[in-house]
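Every chain is named by a letter (A, B, C, D and E) in the order it is written, and numbering of its residues begins at 1.
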Amino acid sequence: MTAQDVFFYIFALITLVPAFVCVFHPNILYAGLSLFGSFFGVAGIYVLLGADFIAATQVLIYVGGILVLILFAVMLSKNIYGAKFQDEKKKKILPGLLGLILLGFLVKFILTTPWNMTLTDEAPLPTVSRLGDLLLTDYLLPFELASILLLAALIGAIILARSK
Amino acid sequence: MLESLFLKFLPSLDPMTSAMVMLLGMPLLGFVIQIFIGKRLFRGGDWVSVGTIFVSFALSVLLFIDLLSSGPQFQWTTSWTWIDLPHFQLTMGILVDPVTILMLLVITTVSFLVFLYSIGYMHEDPRYSRYFAYLSFFSFSMIGLVLADNLFALYIFWELVGLASYLLISFWFEKPEAAEAGKKAFIVTRIGDVGMFIGILIIFFETNGLLHFDSIFSYVAKGQFGGEFLGISLLTLAGICIFLGAVGKSAQFPLHIWLPDAMEGPTPVSALIHAATMVAAGVYLVTRMFPFFTPEARTVIAYTGSFTAIFAATMALTHNDIKKVLAYSTISQLGIMMMGLGVGAYVAGFFHLVTHAAFKACLFLCAGSVIHALHTQDMREMGGIRKKMPITFTTMGVATLALSGIPFFSGFVSKDLILGESLSFAMENPSHFLIPLFGFLSTGLTAFYMFRLIFMTFYGEPRDSKKFDHAHESPWVMTLPLIILSLCSLAIFFTGSPLGLGELSLWGEKSQWVKYLLEPPSSSEHPTSAHLYALILSLTMAGCGILFAYLIYYKQTLSSEKIAEKFKCIYKTLTHLYWIDELYEWAVIHNLLRLNTLLAHFDNRVIDQVLVDGWAPITISTSTNSGDFDNRAIDQMLVDGTGKVVRASGKEVRKIQTGKIQQYLLVGLGAVCGILILLTLV
Amino acid sequence: MYTQFATILIFLIIGVCMVPLILLVGKLLRPHNPDPKKLTTYECGEESVGSSWVQFNLRFYVIAILFLIFDVEVILMFPVGVTFRQWMTSQAGKGLLVFAEVALFIGILLIGFAYAWVKGDFEWIKTIRPQKKS
Amino acid sequence: MSLPEFLKDLFESWPLLGSIPLWLYSLACILGLLFLFLFPFAGIAVYLERKIAGDIQARIGPNVVGPYGILQWIADALKLLLKEDIIPAAADKKLFILSPMLIFLGGAAAYAVIPFAENVILANLNIGIFYLIAVTSMVALGLILGGWASNNKWSLLGGMRAAAQIVSFEIPVALCILTAVLVTGTLDMTQIIKNQSPYSWNIFHNPFMFIAACVYYIAALAEANRTPFDIPEADSELVSGYNTEYSGMRFAIFFLIEYAECFVICAVATTLFLGGWYLPFIDISGLALGLRIPIEAMVFMTKAVCLLFVMMWIRWTLPRYRVDQLMKLCWEVLVPFSFACLLGTAFWMALFKGKGIPELIYSLLGWGS
Amino acid sequence: MMFAVDLRHYLVLSAILFVLGIIGILSRKNSVGILMGIELVMNSAGINFVAFSKYVAADLSGQIFALFIFVIAASEVVIALAIILRIYQNKTTVDIEDIKDLKC
């Protein structure tokens, strides 16, 4: 086991434990907060995969943006600590069971599929400029479409959120 | 000429490509400008649309002159890769050959004239610029349709044309009828389009992804197109499916019902879309795919066409709405074209498309002029306006003569060609005698109802004096197109010989340019004797039609009311248009979409409305005193009982649909897990 | 690259530990005299009424929405911004094209920006209150 | 090369130090940065601020502890350390404890990529400036939590205001940073400086860059909740905003990070716009590394501290903005301006093939770069 | 040997994250909680993309897709939360079980 492998398991733990809390914690505020750890863990995983820019973006968008927005939304509801906002336990049994079955199959498929791995262990190249080049050439259309998507989301959201 | 022009101004680009892109792009440009900033432009921006379509028109004329000089072998194509997948490559391209150029000429000429006409006709409309935007959009789609070099692109533009038609039919969407008519047109043509799409898919899979016309034809010619489905060869099946698209677009029986309703749109639109160009797209499609159709498929086409011709002609007899008469006439004429194509008269069918576009557009525009002057579409409120609107009268007369198939007018030349071909076809295959029979009958009927229209509208005493006093000749932007189009309805414009028999050409072979340019792909010479018989027969039929119209509606020696009284059941059937709409309403909408309620109200809807009300005239006239059987008991027990069972079970089943997305997702997840478990077990 | 990120990781770990560490040091030194009065919520001497976990103004929400959209836009621009100079200096003739691509990208979102501006969504003064279900 | 690597290289041949693994070097550097630079610097900044405030308001300021009161910050730190730690009974305890940690994490982590001099940078990330934006965005989260956890109306309002303000002003800040990235073509902090030179600082690259620098500075002031944008902790309205309920060492951390952030802003401005460690018109790249590093560090610090001084100057001169004015300023002035700068700079680059005004002038005069 | 990390480990990690997200989506009553589940699913998709990008494709297209996932996630969150806000304004609840009508 190399140091990288150790870090993988650490980050996997940092990702999964908060994710678990997020799903099963009865209090929605703590659930939201635990996402913080999960997002950070995923950022670490990205670093291990050589995607430094993606990792930083993950932190910036998820932690600095989406999580803030989600917390705002959580705090919308009065009385977070009251019983009304605690989920009942029995609602989780069936989804949990089905989820476990699905997970079993997914793991089985992942382990049995012969992956065509062309493993490159050398240190990854500086990714940012390559990403930029790709965005301007091969992925130009999605790049511009992303802008249109954002425009649509922006206008839709402000129309929805505007007071009547 | 065109190429040298473009070489001079755009030297760095390929001249033909840039010309074609310009031809296609100008109306699109007009559309974009109109839809976004049209309102703010001077005069609502009508000059933008007219200007852009004029450029397209000028380009097609230049193209046509080039074609005349280079002869029927002219062909130019270009294509580029659009979708590039590992196992499949889709190219888009432009195909320019004589058929395309003739279509372009027809489309841009009629479009340009109609645009011009619309300036006068629509000048008071609050959505003036929107109207021109839609018109431009239509022209763009139609030009794209004929420029396409593969089925896929053709299908795309085919649907765009349908969209434009929908937008324009329901242009006055405040009127519920117009909105309904738009929906009806869209949905009914869609039925045909589904057939066409299936046809394209059959071709796509059978030929391993060929969509180009040329490659499909060569594939078929090599005999590689095998396969059978339920005993029918797939080639025939694909042909019929493709033809289904044409049936929808060209309003052939049984999908003809949308076209009369489409007359709710502005009249110039009817002239452009529903007379000259879009409905002709079906004929164009059949022409374009002509080598693809097997003899069996062609027979289907011929029968559909001939039946539509006679069927629609009878329906036009009793109508009093001036535009609807023209609409049925259009259906009938399209049927004639289809019949021509079906019997193998490739040139004749397409020729009739061209001549028909001119005189039918002229007729519609004249009708529009009349409507504009009188503010009514009901012929019973017209009459005697011959003197007040001389230009309209003259031009409409010319076009009517052309449509009726009178010598020296264009309709005669082309229609006679079709009828002659069909007659010789029937002489070769006597079992198909119905085809020419229907054709000739429809000729007579056409002459009758057209002259009925003329007599009722322009002759006699004014029936509504208030409207009559208000009437006036239209402004020049409206009459100019009429004059041009009526000039185009003269036979001299299409052929050197007045009787159109080809061999008697006065100014050499090029003067019969339509025939000259369209070398039939499988030229099978028919004996000319058939043509002579056909000439005599059709003239006789037309003469009879005109005579009857003259007697009934001009001299009034025969009373139309009495005839109607005498043949009451036929008259009623005709005025109700064979109850086709009611039949569809019942069969499709109620049966299919409202199964539950229909069962519960079975006796109410079906027995009372359709059988009693709908079929009553026929049942009464055939057997007035047939016993009325009262099976209430059965109704209530069996029929109502069925309805109640359905309703009760529906109530229970409804509970599953809770509206809770999480439950749906849960079921979905469960299903995924179940499938996975099943897959591993098996 | 991993070396640099390892340093960052160590930094973050220390950052997390530092606060409890300082507090721990403080704990050894500081007094601890609990008193219920001390533990009350501070509201300038007034008795505090009710929990402060009440619904806050919804404007913050709109601001956050606007932020997230523009943030993503800027982030997508970053890789492009990094290569922009190379495109400008090396590839001949591509400069203006790339500029047009970038300008289009920004321009599309500026439409939304202009929309929000014109419609007055940047105005703070508007009151946004939850409406009681009528 | 980053500082730990540099040090390891330096001590490679030494008997004992050479065998220490790299991560221990990193650890030592980090601790050194925190204890020898961050904490003292923040303390001194507080002292400076009070002195400057005194000067501006025609009073003396701290002058008791040590000569000129220079040891005042140590006394303050000791006082805060010895204060009783109070967590209000109504508060959400876990979040109350978590909040300062998050804020410290976000505020301090930015120091990892500040290039004090060549090779004097904790982690030479190739996404340096982007990493900096990312980690500082965590501060907003900490402030919301702090405000919420206190269960105090002032705190909640302050926390919300702070978060809204930080996220709003992050847009112009990021846009201006992007403008600078456009000019330098890299995200690596060291490389950003190296792409400038003593003769051509980024701020003079084109007129838009100058505006971008100003916009960045103003927006960053607001992002750090400094006066005139200190609405979240407006004492006359909200007592002390999000840190009303915090006392003792926990309060000290909020305080510390505020000043730490101020320095980060100035350092980033120095790096991106003011040529980093380059002296104006004096090229010292010929000097030996051992000599160069101290000079570079001093130049860098001088520039940053000058900016810091301007910050304090502004704080004690200008009155506070109102909330609506603040948002108006952000969305209707700073964001349009920064977009204009971005597009303008991009257009400039496209027009002049990436050359800035200084380079154009030099090439006009016929000097090699 | 089993602990030496390769593609499969990342995929398993992402699968677990995915399933957790699905469970969250299915079992939360609070609509914001459902949104959190969706975020987890998005994150797992991102991990998959980047892992494949490194191990199978050996180029950066996967990272590009991860970027676009961020775009989509942000748009989705913004719209979803705006909808939740509107529902909250009209009904003063964010509980998915209480939101039965599309009409507000």
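Quick notes
Simple rule for what comes next: contacts are C-beta pairs under 8 Å (C-beta built on N, C-alpha and C of every residue); 3 or more make two chains touch, one makes a residue touch a chain.
Remember, predicted model here, so these are calculated numbers, not experimental data.
Touch-path distance (fewest steps) from chain C to chain E is 1.
Common neighbours of chain A and chain B (chains touching each): E. With centres computed from Cα atoms alone, the innermost chain of the structure is E.
When the C-beta pairs in contact are tallied for A-E and for B-E, the bigger tally goes to A-E. When chain centres are set by their Cα atoms, the one at the greatest distance from chain D is B. Averaging C-alpha coordinates per chain and comparing to chain A, the farthest chain turns out to be B.
Centroids of chain A and chain C (each the mean of its C-alpha atoms) stand 17 Å apart.
Per-chain CA centroids place chain B at a distance of 73 Å from chain D. Rounded to a whole number, the gap between the C-alpha centres of chain D and chain E is 33 angstrom.
Our note on geometry: chain A versus chain D, Cα centroid distance of 29 Å, whole angstroms. Counting partner chains per residue, chain B has residues 666, 669 touching two or more of them.
Among the residues of chain A, those touching two or more other chains are numbered 4, 50, 52-53, 57, 60-61, 64-66, 68-69, 72-73, 75-76, 94-95, 98-99, 102, 124, 128-129, 131, 135, 146, 150, 153-154, 157-158, 161, 163.
Multi-chain contact residues, meaning those touching two or more other chains, occur in chain E at positions 22, 26-27, 67, 70-71, 74-75, 77-78, 81-82, 85, 88-89.
Two chains count as a pair here when they touch; such pairs are A-B, A-C, A-D, A-E, B-E, C-D, C-E.
On chain A, the positions that touch chain D within their shared complex are 29-30, 33, 36, 52-53, 56-57, 59-60, 63-65, 67-68, 71-72, 75, 126, 128-129.
Note for the complex: chain B touches chain A at residues 666, 669-670, 672-673, 676-677, 680.
Chain C makes touch with chain E in their complex at residues 58, 61, 65, 68-69, 71-72, 75-76, 79, 130-133.
Within the complex formed with chain C, the chain A residues making contact are 4, 7, 44, 47, 50, 52-53, 57, 60-61, 64-66, 68-69, 72-73, 75-76, 78-81, 123-124, 128-129, 131-133, 135-136, 140, 143-144, 146-148, 150-151, 153-155, 157-158, 161-164.
Residues of chain B that touch chain E in their complex: 659-662, 665-666, 669.
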